[in-house]
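In what follows, a structure is listed as structure tokens, so that the remarks can point back to it.
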Amino acid sequence: MNIRVAGPRSWSGPWVWGFAAAALVWLVILVISGQGGGQTVSLALSLAPYLVIVGLGQMLVVTAGPGNIDVSVASVISLAGFVSVAVASATGSAAVGVLAGIGAGVLVAAVSTVAILGLSVPPIIATLAAGLVASSITLSTANGFTAVPDAGLRAALNLRPAGVPVLALAIAVLTVLVAALLRRTVYGRSLVAVGQNRRAAERAGIPVARVVAMTYLLSGALAGLTGALLAAYIAPSADLGTRYLLDSVAVVVIGGTLISGGRAVPVGVWGAALFFILLDGLVNLVGWSTAAQNLLKGGLVLFVLFLAGGGDRSGGLASLFRRRPRPAAATPTTITTTITGDDTDG
Amino acid sequence: MHVDNLPAGGAAPPGTDTGPAGPPPVVTARGVTKAYGRTRALAGVDLAVRAGEVLGLVGHNGAGKSTLMRVLAGLEPCDTGTVLVHGRQASAGDFRTVRMAYQETSLCPDLTVAENMWVSSRHCLPRVRWRRAASDAVRRRLDEMFPGHGVSPRDRVEDLSLSRRQMVEIARACLVDRLDLLILDEPTESLGPDAARSLYAYVRRLTEAGTAVLLISHRIREVLSVADRVAVLRDGAVTAERPASGLTEPDVLGLMGAHVAAPPTFGAPTAAGTIARDTVAELLGATGPGLREVTLRVGKGEVVGLAGLAGQGQQEVLERLWRPVRRDTTVGVSRAYVPGDRQRSGVLPLWSVGDNLIVTALRGIARRGLRRPAEERAVVADWVKRLSIRGGAEAGITELSGGNQQKVIVARAFASPAGLVLLDDPFRGVDVHTKTDLYGLIRQEAAKGRSVVWYSSENAEMAHCDRVYVFRAGRVVAELTGEEISEERIIGVSFAEKGEDD
Amino acid sequence: MAQLLAPALPGRARMRRSAPAAVSTVALIVMIGVCSSLQPGVLTVEGLTLVLSATVPLVIAAQAQMTLMAVGDIDLGIGNFVGLVTVVSATLLVSSPLKGVLVLAGLVAAYAVLGLLIHLRQVPALIATLGASFVWLGLGLFLLPTPGGTTPGWLASFGAWQPAGLPAPLVPLVVVALLVYLLSARSALGVRMRGLGSNPVALRRAGLRPVASRVAAYATAGVLGVLSGLVLASQTGGGDVSSASSYTLMTVAAVILGGGSFAGGTAVPWGAAVGGVTLGLVSVVLSLLDVRSDMQSAVQGVIVLAVLAGRVVVGKVLR
Amino acid sequence: AGCGSGGSGDTADAADGTASGGSGGGKPFIALSNGFIGNGWRQTMIAKFEAAAQQAKSDGLIGKYKVVNAPGDNSATEQVAQIKSLLLQKPDALLIDPASPTALQPVIQQACNSGVKVVVFDSAIDAPCAHVLQNSFVDWATYAAKPLLEGIGGKGSVIVSRGVVGSQPEAEMLDTTKKILGDYPGVKTVATVTGMCDGATAQKAVLGVLSSVPKVDGVIGCGDGYGVAQAFATAGKPVPAVDFETNGRALSYWRDNKIDNGSVAVMSDPGQSVAALWEALDLLDGKDVPKQMTFPIVLIEQKDRDAWAAALKPDEYAAWPWTRELFRQQVEAVKSGGEPVRPPIPSAQG
């Protein structure tokens, strides 16, 4: 049972690949520039948290099972950026502003949730549509927007006593909280159950609709938080979140979370986020063209992905060469939608 | 093409000469072993199936029957030992004449019946216009095997009921230009009695034509009535092989595993007192898809059976009780559900036995949404012990055999504090020993004041109920209590007026 | 009797399954109706040509997406792949046609290899194609850092082709949908691909190699992606690797609108065509209606949701 | 007949008189197709156009106008579709801010063939039948580099933040930057990053290399200085000379932090859309306007900074206030090859 120490069960858990790749890129940077190794990590740690926050939300959504994905995060981030800055400057309180950003995220997620649960719209489409609505609101807010981000919040985000970004520490705590949420709470267990087999979870008495709704709202809230912080850190703009859509999905999966749902690895998100941030730094440092930059990014993602391999999709040549997992700690299977019979490997 | 040159009926030429040595073996296993991780599924099996015989294979859940079949069908290599086909060391191609109908149907749910035929029998279909050929072939075969099957080759498998899917699965195993050995792994678990009878009639015809048939079933009486020989598999090895004639059910049960407790008569159902009980759930004139004017009542501590032929509205009743959204249904207590289709609606495949077992009870144990691991562990340990679930709490659920998985799912429901437990034909494919344990469990829990509503396709099981509603065409056609509940009576009521209705 | 009571009757089930595509078709007809009431010119041959032509590459890309969704995968790289093809056809295909054709064939092969690796390494297609999309983008920028180039004459003349009495875009729309229908719904290969999406274990038990089905599906998607890119290049007259980046999500939406699902196992070529045209027409309607500029994307989102909500209503009625 | 939306009578008339512009009795119908609406520059561009067009409408210069933004993320394909449906509405003139400089070529040809006057702005385009109005990217790159390099005293180390790599303007700008850097042998380029002319991207890109480079004196960028400055703030380093955005936010930041080290704000002019409107009207009036015109870039030096900063909202970009009069002067200047017109800066406007 999952009362034992959860998360990655062995050092070769899928989450290590993100960290390994990040470490590799860091070494390359160090070799090329020959200086500032510690500062590189410190700066990467001050950028990574933003990606980690959305990544955690995306991870929860992906864990809810096949087909669950939140493509509205980009628009939510942009919208929450404006909302939080506007509210913060109206009330004079950065905290209220951040809360308002989170609230905006929750509202957009509520639209997706209604569409997903009430209208049975597939999540990718529901969140796409909710995102389109959100970006319209963003555009009309952006027209004639006058407020400026709170200076105190910005200073707090840039705080790095002894080179350790305070934000990174805070988000590390948030990551631990999310991990605890998944393991120690009824909601978390229900989410993981729903992700493995929605029908079985429903028959086991889990309120599936409530769990799914909660998950999208959480993702919206986390994207809203990202937007609020990013707007203070950078500046509110209509395309503040654009880059976070694909990256948030990528970090979740490189982080070892099962894309077919039912297994979440919150730590993994950090490894993958650091990998992405450091890779951007490396590419800019070497001055490669965008072409090389993209080739490298894609190539490395594919390399890490194919090297690490996935769950057992039972079949293919690979399964002949792979050792069977020890039954007591069997690595979870990638469950295809039809789970069939006797020879689905454990 | 040659799909239909399989001899049918009496017009078949006899098999090879049946001298005193008996017909030659079609497929032979010699010292076959197979291990999955630390689970030894097969521990040295020697078994020969001869042309023209029906070999019944029995054994408790997890004995290794399905694994052995996969090895005999050439689907999985064995670790040591050999499999001979027609006396020769078998290569991949030799297995073409060995066909298997799987325990869990292995059809593609999104494909039509005809397309599924192409998948498994493409070697005997023409390259062009195969769709037409496959449709004709499967229709003819189904007509032959299951008259009145109601399946069209153009139907998608996912739209078919469980029993029709099973018919298609069996028919597709038989659809081949040459068939030496047909393996049927628990074929009748989701078939109605009519279909089962037609199937066995067809099996007889096949064997007369010289095909060997290997039949796995937990319905010992069925095996005894159909098989020529019975082999008993116990813990991965064949422990007995006997001619079926002269064997009785207790004999076989004895061979399968030591002590068979006296026929299950735990806490004999009480006929009296049904009126006095408080009502915990009620349907009043429930009407809707699949249901017509159904009125039924469940009392506290009562075991209520839903009987009748498969698909007559019993599952709809369970559905109503599980999600009482309409006004004609009232349920006063919390509920738990035990699904019969464990692959689709039972197991949570990434989790261990313990995680699977506790998931329903979790909510009750937790305080303010936070889990309490120590309490959970205690509950899990208790149930693993109580039902002697093989592998223990830490084993992955998918490593367990079907029967043991089912135990976990039953335990899941009873480990929760639910006042009403709904059983949706949960004992399909569960061996006798396990069943006996679970029947006892149900009676014990009922005695503690829990109510149980139990749909079963096996009428004999209804003897464990306090009260039984017999369904036909979405209506309750009889309510039986106490002594009235008997297999004969249920069958009698289920089939009455049948000619009129159908 | 028992048959009448079975919860899912095959006939009714078939109707229920075709309902999504039917709803999208109705939405499409309504949209054309709205367009033509705002602008009567829409219903003329020239009007339809103008309105439909932009949807052709989208629909072909949607067919590629549909093919992969039929095996239970999803392609997040199709947009950049189509963009890359426009780049190749605006550069190599002009400078040395042979090399261009070889490179296009190589791209199809790359798709097949991607499918092979996805299968053998058992990685989620979603993330592998996401990674591949960066590669396609990189290759495109490498070949043509600046959008530009010119397409070969034959391609340009295909783009300008105007048959009499018939809107030209209908021809590729229907021909491609028909071919994909024949392949995915009628052929044995199609059965293998859908079987893979439906139940890979069954395929393996029947002695069919799932890997072959997956590779075939990816190769098909690659071919369709190349076709889509060529048609797009014929319309834009040049190459631009990011010209089709919106296709990635649009094609998914098109397949869903057409009744496809993420679960795999079903092929809906006609549905994908209808869904693609419907989505493509949304921008036309937006520009015909006087929607405030910052509200246009909201209107687009609401239209998509409305069509899908219509499906729910129809589904309820049919249940 | 005609389009159901407002002013349908005008449209029908205008359609008859397309070739001769407004002379057919109806006032012209001007359509603007914008390929992307996702950033402040484009929003300012649209806002300026809408204000000017509204004014022109009430002045009776035009009958009707319409703005269509391609939804989504800079998608040329969407824009092609929208232009095609705009053509169905038979505008007299079509203004285009393209998402991509090539993808629109066939559809522009189609528009010209059906007698519509096409003015493309903000980007060069290879369509012989269209009139093109744009800013000089050479000027932009020059203004971005020269004052900055002078400001740091012609020596030290700089980071070059490139724009949208792969685009035609960026190639031109990078060339110019390199050429200018060649004139300052004392200046060392320690890193070249891709900032995409976007503060947020540049911020991350610069932050990514900051730990690996020595002291930086300047960052030559393309309207991304605000983000670059943030990156230095995060790294705890003093803000070097940068090229700020021309929006209110960046200008206020520049002003409030008293950055006085050769920084400038320079970007292209979102008021081009208004200039394009006047060009279209002149074309419809049959006036002679050159096919290709280069309009002045917006350069804000320290002396003008406070005036601009006071006049702009945070996300609003500085735009030259083109009037029809100023436009004509600039056209003459282009024809004669003379000095470009210097439109007034806000403080002068009052």
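Observations on the structure shown:
As written, the chain order gives the labels A, B, C and D, with residue 1 at the start of each chain.
Rule of thumb we're sticking to: contacts are C-beta pairs under 8 Å (C-beta built on N, C-alpha and C of every residue); 3 or more make two chains touch, one makes a residue touch a chain.
In this text the structure is predicted, and so the values were computed from the model without any measurement.
Hopping across touching chains, the smallest step count from chain A to chain C is 1. Most remote chain with respect to chain C, judged by CA-atom centres, is B.
If you average the Cα atoms of chain A and of chain D, the two centres end up 35 Å apart. In terms of their C-alpha centroids, the spacing between chain A and chain B amounts to 43 Å. Chain centres here are Cα means. That of chain B falls 72 Å from that of chain D.
Residue positions of chain A touching 2 or more other chains, listed in rising order: 132, 135, 139, 143, 289-291, 293, 338, 340-341, 343-344. Across the assembly, chain D contributes residues 37, 71, 73, 165-166 that each touch 2 or more other chains.
Residue positions of chain C touching 2 or more other chains: 141, 145, 198-199, 201-202, 263-265, 293-294, 296-297, 300. Counting only pairs that meet the touch rule, the chains in contact are A-B, A-C, A-D, B-C, C-D. Note for the complex: chain C touches chain A at residues 72, 76, 117, 119-124, 126-128, 130-142, 145, 198-202, 204, 210-211, 249, 252-253, 256, 261-265, 292-302, 304-305, 308-309, 311-312, 315. Remark: chain C residues 1-3, 5-10, 13-14, 17, 186, 188, 191-192, 194-195, 197-199, 201-203, 205-206, 208, 263-266, 319 touch chain B in the complex. Taken together, the chain A residues at the contact with chain D in this complex read 29, 32-33, 35-36, 39-40, 42-44, 46-47, 132, 135, 139, 142-148, 158, 160, 230, 233-240, 242-243, 277-278, 280-285, 287, 289-291, 293. By the touch criterion given at the top, residues 1-3, 183-187, 189-190, 192-193, 196-197, 199-206, 258, 262-263, 324-328, 330, 332-333, 335, 338-346 of chain A touch chain B in their complex.
Taken together, the chain C residues at the contact with chain D in this complex read 35, 37-42, 47, 50-51, 53-55, 57-58, 90, 141, 144-149, 156, 159-160, 232, 235-247, 280, 283-284, 286-290, 293-294, 296-297, 300.
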